[in-house]
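Look for chain A in each of the two complexes below; its partner is chain B in the first and chain C in the second.
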Partner chain A sequence: MPDFIIDATVDITDVVCPVTFVKAKVALEELEPGRVLAIRLNDGEPVQNVPRSLKDEGHQVLKLAANGDGTYDLLVRKGAD
Partner chain B sequence: MSFTNEQLERYSRHIILQEIGARGQSKLLKARVLIIGAGGLGAPAALYLAAAGVGTIGLVDGDAVDLSNLQRQIIHSTRTIGQSKVESARQTLAALNPEVKVLTHQGLLKADNVLELFRDYDFIIDGTDNFPAKFLINDACVLTRKPFSHAGIIRFQGQLLTYVPGEGPCYRCVFENPPPPDAVPTCRQAGVVGAMGGVIGSLQAMEAIKYLVGVGRLLTGFLLTYDALAMEFRKIKLPRRKNCAVCGPEPTITEPFDHEPPAACEL
Partner chain C sequence: MDVDYKALKNGGFMRQKQKNHFSLRLKVVGGDLSADQLLTVAGVARKYGRDKIHLTARQGVEIPFIKLEDVEKVKAELAAGGVETGVCGPRVRTVTACQGQAICPSGCIDTYPLALDISERYFGRALPHKFKFGVTGCVNNCLKTEENDLGVKGGYRLKWSPDDCTLCGVCLKACRAGALSQTGETIELAAEKCNHCGRCVKACPTGAWQGESAYILSFGGTFGNQVAPGRELLPLIPDRARLFRVMDAAVAHFAATAQPGERFRQALDRAGWEGLVQAVEEAAHA
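For the complex of A and B:
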């Protein structure tokens, strides 16, 4: 995904709800506002809930792309603290 | 700091909170809290602090677990009757959260060990049942500039006060000196509802967590009283005592000292 500069990545395919969101949230907490985090997540519950929860927290969802193997890459720009 | 997946799961309900988050949880994991008394107040306070992931919990108590404790001291169990309270409590905390380091100090808090015991802790919880200990904890905290949570319970009543150096009155500003021995019954003589320890001890844990994370307003400058029968909480605003013997501008108490010990149980 070359359209954005990715500042950090996190893989949340190894955990289940609600830790998926928690792990993404912790990765975002370590970034400055405006930076972009790439999140690898599983199809199903994570892809349905994690982007929405991050939006609710004030972050901007930039892109969600299927990898064709049951995982997705989600790009999120960190909102203001 | 980075969290393991297991830590993310264990503390997920904290980390999700905007007011705590990963930063606040990291502070809890690094924090050190000393609990004086592994009894009615100390039991729920210790359990919630261990569950919250407070990195190091110190326990001071000189007693052994007795059958009559179990009505309220929920950190102990029928199986641990006869064991020292600090060891019984340590086992329960280790089972709840093996990540927490529990340091046990078997014995009474005294003027000659209080400074050494308090030295390495960030926050002190007074879960004692007698006035000499309460004044000793207060004086030592004022003298060494440590925050602490005072609490007391008896019958259906409880009270709570938080001291932070430089903010609001200390316990001695409010209650200048201990009452004469036997003027006030202990809960051994007067009785106490077990759940009182749960209510007030949990509030002490809450104050510690807020202080350690650095969120919200603490109970500094106020005394909270709880009357369970009337179902009334009162938050009473209290000033500092201008000439307080320990926290005033010209203190006469400059080192910890032991008050007259509580009278032996008359029953």
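For the complex of A and C:
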């Protein structure tokens, strides 16, 4: 598993569905295609659904890692516009 | 002139409590109508009814307050607009369906073409009592298939390709059934926990999880006077040919074993489920 260079981070643990996805989307909009965003998200609905929603939007999900505190870090490479 | 109310009812004209008025049931498959068909229905409701259309509990459409003397004219106008009349009485009823894979992100099967094929094969077929089919695209079960005499639910047969997997971990969390675990560089699927929802496939960013459309059937559901959900009697059915063989066997079993006026569920509870289990297992393995 290669390590990825993280270009930006966003924390969506302070919001609930569907704002989780919206907040992640807004953060991705700030980036150029090909850049990597690290998203910190909660267990449960966010971690079950946000990766798939980002995939459906055309982004490349790279890695989901548990932080051990009930949150996860999701790395996503921004897709082409 | 004697009015053959039974024939009218069988043809979808439901006698109302108001004398000489009928609520006309239309043929709808899977809840889909074109905009032109809806305009035709609206026109008939304005011209022959009371400007009112009723959406039934099973995705049907009825036009109430059709007068007896207008029955033939109404049928002709509907037919000219591409709308068929429905059925009632002891026969196969409207085949219901959710929008399925073609529209819904959760769908695992293409429900509407399947509902059309089921309707083509069975709709209106005379049986000991009413018989309802319902088709839903996935285990979220928006269509509530177990309410039907024969319910068809979509699911995925799953395959994991290690070569395509980056071990990103997304599927482990996407799975709500707790069926996936990672050991070293292998993702393991606990078959007995998997509900075939397909969330792993939908979430997988690399296509390492692949799903093939398959079918989960339920038999003998009824939600009227008696309330009893249909029962799953078979493992996942992997293809349409097998699906139709099993459905043929179930309908034939109902026709052969039920008494007139007896629902599938009642017949099964009276005579026992063993015969049906044997018939559908044979059909599934043929």
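Convention: the second predicted complex is superposed on the first by the 79 of 81 C-alpha atoms of A that agree within 3 Å, B and C clash if a C-alpha of one lies under 4 Å from a C-alpha of the other, contacts with A are read in each partner's own complex, and residues count from 1 in each chain.
Please note the rule applied: a residue touches a chain if its C-beta (ideal position, glycine included) is under 8 Å from a C-beta of that chain, and two chains touch if they have at least 3 such contacts.
Small disclaimer: the values here were computed from a predicted structure and weren't measured.
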Ask   = Aligned on chain A, chain B and chain C: do they clash or fit?
value = fit
Inquiry  = Between chain B and chain C, whom does A:D56 touch in the aligned arrangement: first, second, both, or neither?
reply    = second
Request  = Pick one for A:V19: touches chain B only (first), chain C only (second), both, or neither.
outcome  = first
Task = Of the two partners chain B and chain C, indicate the one touching more residues belonging to chain A.
result = C
Key: Contacts of A:E29 with chain B and chain C, given as first, second, both or neither   = first
Request  = Return first, second, both or neither, reflecting whether A:D11 touches chain B, chain C, both chains, or no partner chain.
outcome  = neither
Key: Superposition-derived minimum Cα distance between chain C and chain B (Å)   = 10
Task = List the residues of chain A that touch chain B in one complex and chain C in the other.
result = none
Remark   = Note: in the complex, chain A contacts chain C through residues 1, 43, 47-49, 51-52, 55-56, 60-66, 72, 74
Ask   = Taking the complex as given, what residues does chain C use to touch chain A?
value = 105, 166-170, 172-174, 176, 199, 202-205
Inquiry  = Give the list of chain A residues in touch with chain B in this complex.
reply    = 14-15, 18-19, 21-23, 25-26, 29-30, 57
Request  = Report the residues of chain B in contact with chain A in the complex, numbered from low to high.
outcome  = 3, 5, 8-9, 12, 15-16, 18, 21-23
